[in-house]
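What follows are several structures.
Two complexes follow with chain A in common, the first pairing it with chain B and the second with chain C.
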Partner chain A sequence: MGQTLVFGILNGALYGMIALGIALVFGIMKYLNVAHGSLIVVGAYGSLFLFRLGVDPFATIPIILVALFLGGAVLFLSLFNRLIEFPEATKIKNSLLIGFGLMLVLDNLATFLWTGDERSITPSYSGITFQIFGLRLPLIGLSGGFLALLLISVLHLFLSRTYFGKAVRAVSQDHEAASLTGINVGRTFLISFAISVGLAGIPSVLIGLQSFSPTAGIQWFNKGIIVVMLSGIGNIYGVFPAGLFLGIIEALSVFLFGATYREVTGLVVFVLILILFPRGMLGSGAES
Partner chain B sequence: MKIPKKIWIPICVVGLAASVPLLTKSEYFVNLLVMLFVYVTLSQSWNLQGGFNGQISLGHSAFFGMGALITRLLWMSKIPILLAIIGGGLSSIILAGIVGIPCLRMKRGYFPIGTLGLAIIAQITVGNILPVPGSLPSEYIVGYSLSSRYYLALSVAIMGVLVVYAVVRSRTGLALVAIRDDEEAAEAVGIKTFRYKIEALLISSFLAGLGGGVFAYHQVSYYYQSPFELSWSFLPTLTTFIGGLGTILGPILGSVCFLALNELFAFTLGEIHLVIFGFTFIMIVLFLPGGLMSISNKFQSPLSMKMGWGKRMRSIF
Partner chain C sequence: MLKIESLNVKYGDIQTLWDVSLEVNAGEIVALIGSNGAGKSTLLRTIAGLLRPHSGRMHYNGVLLNNKSPNRIVELGISMVLEGRRLFPKMTVLENLEVGAYLKEARVHRYSTLDWIWEVFPVLKERSQQIAGSLSGGEQQMVAIGRALMARNKFLILDEMSLGLSPLLVKTIFKIVTQINKAGLSIFNVEQNVPMTLRTAHRAYILESGHIVGHGEARSLLKSPHVKEAYLGLS
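Here is the complex of A and B:
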């Protein structure tokens, strides 16, 4: 039981990191980037490539992060920036459709380039675990949890202490009013989108250390969107606790019903939340 | 009663389609057409909701799969296939009623996300409960006749198109389009928006279930979960967008294009052909939101280009 919870929490940290990228774009821009999971998988392939050249997986994180950041900027400029002026529902719908097309492109390109096999990055320390109070703590999971805490604090400092962070929060509350005060909404969108895709870099390496295949993207996107819904749209600080919550719920369901229904539990929670609390469970979220 | 001249075109097409099994001996071609009719049924059902009512549903794989599953199970337990297919369609309606309606209650714009969740739940659940391939028993295989499948698929597709046509031409259809164009305005003039959205959902899921039933009748052996795969949600989205959202001909045209290109490229190009589809899809969403049907009037009303590309780039940098 305790062991199940530990794995639940470590998985939850990963979900939280995935969801952070989705929440940033969805909360601020009302874009639903369905291809976020596929971008994570592409990042994982990048990390695997570098690992085979002899780079330590954790050292590939900054490289993948920057590469995805630039990729995100290119994607925004070429595809997503056309949707800026649409009303909210149209934005969600169209960005979802574009994301879906992008997912089709990325997944099949990945299958073409690297075949459909399951891959994983296996450094020499991948099997190391610590024993504390009779609980096994895997090294990689722990470092994932640590990275998640680091990420959320950096993002928090960025959003609360910098001028650009203020602009992001202003745009997420009301982008018309924000543009009236002289904030360049287009540029804020561009940078937020690029950051969101860049943030996929950390989970992509961690997922790379587990196992991944070209079509795994949609599953990770699912986890992310469930967490975003749990935390409430626009509530970026709720994302991480919500991720942990999902991880624990999944772990408990594995404990109670067996591993086969793990995914279903998360999704049932998700649909229940959409029906019962359309604005998310943790806090009210941004009014839109 | 005056018969409009245009009515001869669909009648000729249907007549031609009906005579195909008599004209050709190629089983490959007939099988291809059966799949085309399944695609047309599914796309048309998606179009009623996505095209005419503006509710982009990603849950159609659940309805399609439900229809296929129930049809197959009923048919295997010796119920005549026509009744089994209708049973499949009804089971899709029930599924839509239980889980689709709550999705409609969600905040505006969240319907696609909710239905996506529904589709994935359905796929995983069926994959867990029935992980085996459903092969036909030998006595069914002995009596397998392709032409009966062909005519059933053809009639279901024609029925699907006619039902959507009739709905769209009715008062309900006007209400659906009004809701798509502006839900608040539609509500303000007294349209019961929620009721009409439910109607569209139920009719659409019924047709999708029938399409699934035809699939189950046609395929000799498949995994029970394979008609639940998400690609069956993406397929009608793709074909309808390619052909033309919110037109009767669009999904038919889109299905023909999709199937033809698929057959041309799937063997020669492998995965790359799906990359091309994805790319085409993005381009259509961005630049040609009306699909192929709107090419002729594209130059009159460019929907997606409120602000030119260059101007927007300058405003960002």
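Here is the complex of A and C:
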């Protein structure tokens, strides 16, 4: 049971990180970037490539982060930029279409470049576990949990302490009023989108250390979007606890019903929560 | 300072402003009065860069404003308080004000500007850590004006700031507007509260169905039969 919780929490931290990128873009510009999972997988291939050149997987994180950040900026300018002027509902629908298209392109490109085989980054320390109070704690999972805490803290400081972070929050709450304080809304959207894609770099490497294939992106996106919905749309600070919640629920279901029902249980709980708390588990679903 | 010449604005096929011309000079409080749907907010949104004019010209200190983006227009020196306050409701009062000083010049001087804002609106200092959305209507209006002042611009546009406020608060806010004007800002005040507005302004324009139908000294407009009948309910 304790062991189950450990794995649930570590997995949940990963879900939380994936969801953070999705929630950021959705909260600020009302884009639903379905290709977020595929971008994570592309990052995982990038990390694998560098690992084979002899770079330590964790050392690839900053490189993948910057590469995805730049890629995100290019994607925004080429694909998503034109949706800015539309009303909210149109933005959601059209960004979904663009996201699905992008996902297909990325998944097929990955299959073309690296074949459909399942891959994994396997450094010498990948099997190391610690024993504490009879619980097994995998080194890589622990590092993932640590990175997740680091990420949420840095993001929090960025949004609450820096001027640009405050501008990002202002834009997400009322972009018209924000533009009348001198904030360049278009540029804020561009940078936020690039940051969101860049944040995919951390889950990229962590998923790379598990296993991945060209079409794995949508599964990770699904986890992410469930977590975003659970936390309440637009609630960036709720994303992380909601990720842990999903991770723990899944782990418990493996413990109780076997691995076959893991996804099913996660989805059933998700639907139940939406029925019971239509605005998300954590509060009004409007904090940003 | 602000000069608008034969401005025409359309929403799709529907024209909402016809040949509007007006001028605000340095140091003035100029009022724009008109009933609901006259096109007041359309005019302000066009000046702010949120709407594109169909034809005509808008200049600020000689710089053409047509087709400039909203943030560029703030940089050029025009600040605006939108109708409905439009605060960032989940940020604190202080954060709202800080965002008001987003531009480089304003950011450098933000602490001294803040001191001035606390002086003008002492109640905001007490509320500085409170979430803006939880304030009363009057306090929110003060934050909205304060946020616009944080940009340290010389020109301030106010849209319907008395809307939904108690008569006492309206009085206070108008007194503050006069105070801000004395501190050196030119003000373009767009209002439905006609008597109060005309008493505090130097000059005024009347906008009806998208046309400027009259302008002149604010105090003499107060006595004009048309204004008396249409806006003051006197005959």
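Quick note on the criterion: the second predicted complex is superposed on the first by the 280 of 288 C-alpha atoms of A that agree within 3 Å, B and C clash if a C-alpha of one lies under 4 Å from a C-alpha of the other, contacts with A are read in each partner's own complex, and residues count from 1 in each chain.
Note that in this section contacts are C-beta pairs under 8 Å (C-beta built on N, C-alpha and C of every residue); 3 or more make two chains touch, one makes a residue touch a chain.
All values reported here derive from a predicted model rather than from experimental measurement.
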Partner chain in contact with A:F112 - chain B first, chain C second, else both or neither: first
Chain B versus chain C as contact partner of A:A170, first or second or both or neither: second
Which partner, chain B or chain C, touches more chain A residues: B
Which of chain B and chain C A:G182 touches, first, second, both or neither: second
Which of chain B and chain C A:V268 touches, first, second, both or neither: first
First (chain B), second (chain C), both or neither touched by A:D56: neither
Touching both chain C and chain B, counted on chain A across the two superposed complexes: 184, 186
Contact footprint of chain A on chain C as seen in their complex: 48-50, 69-71, 74-75, 79-80, 82, 86-91, 95, 98-100, 102-103, 106-107, 147-148, 150-151
Complex contacts: residues of chain A adjacent to chain C: 163, 166-167, 169-170, 173-174, 176-186, 286-288
Footprint of chain A on chain B - complex, ascending: 56, 99, 102-103, 105-110, 112-114, 117-118, 120-121, 124-125, 128, 230, 234, 237, 241, 270-272, 274-275, 277-279, 281-282, 285-286, 304-307, 309, 312-313, 315-317
Contacting residues of chain A [partner chain B, same complex]: 30, 32, 77, 79, 81-82, 84-85, 88-89, 91-94, 96-98, 100-105, 107-109, 111-112, 184, 186-187, 190, 218, 222, 225-226, 229, 260-261, 263-264, 267-268, 270-271, 274-275, 278-279
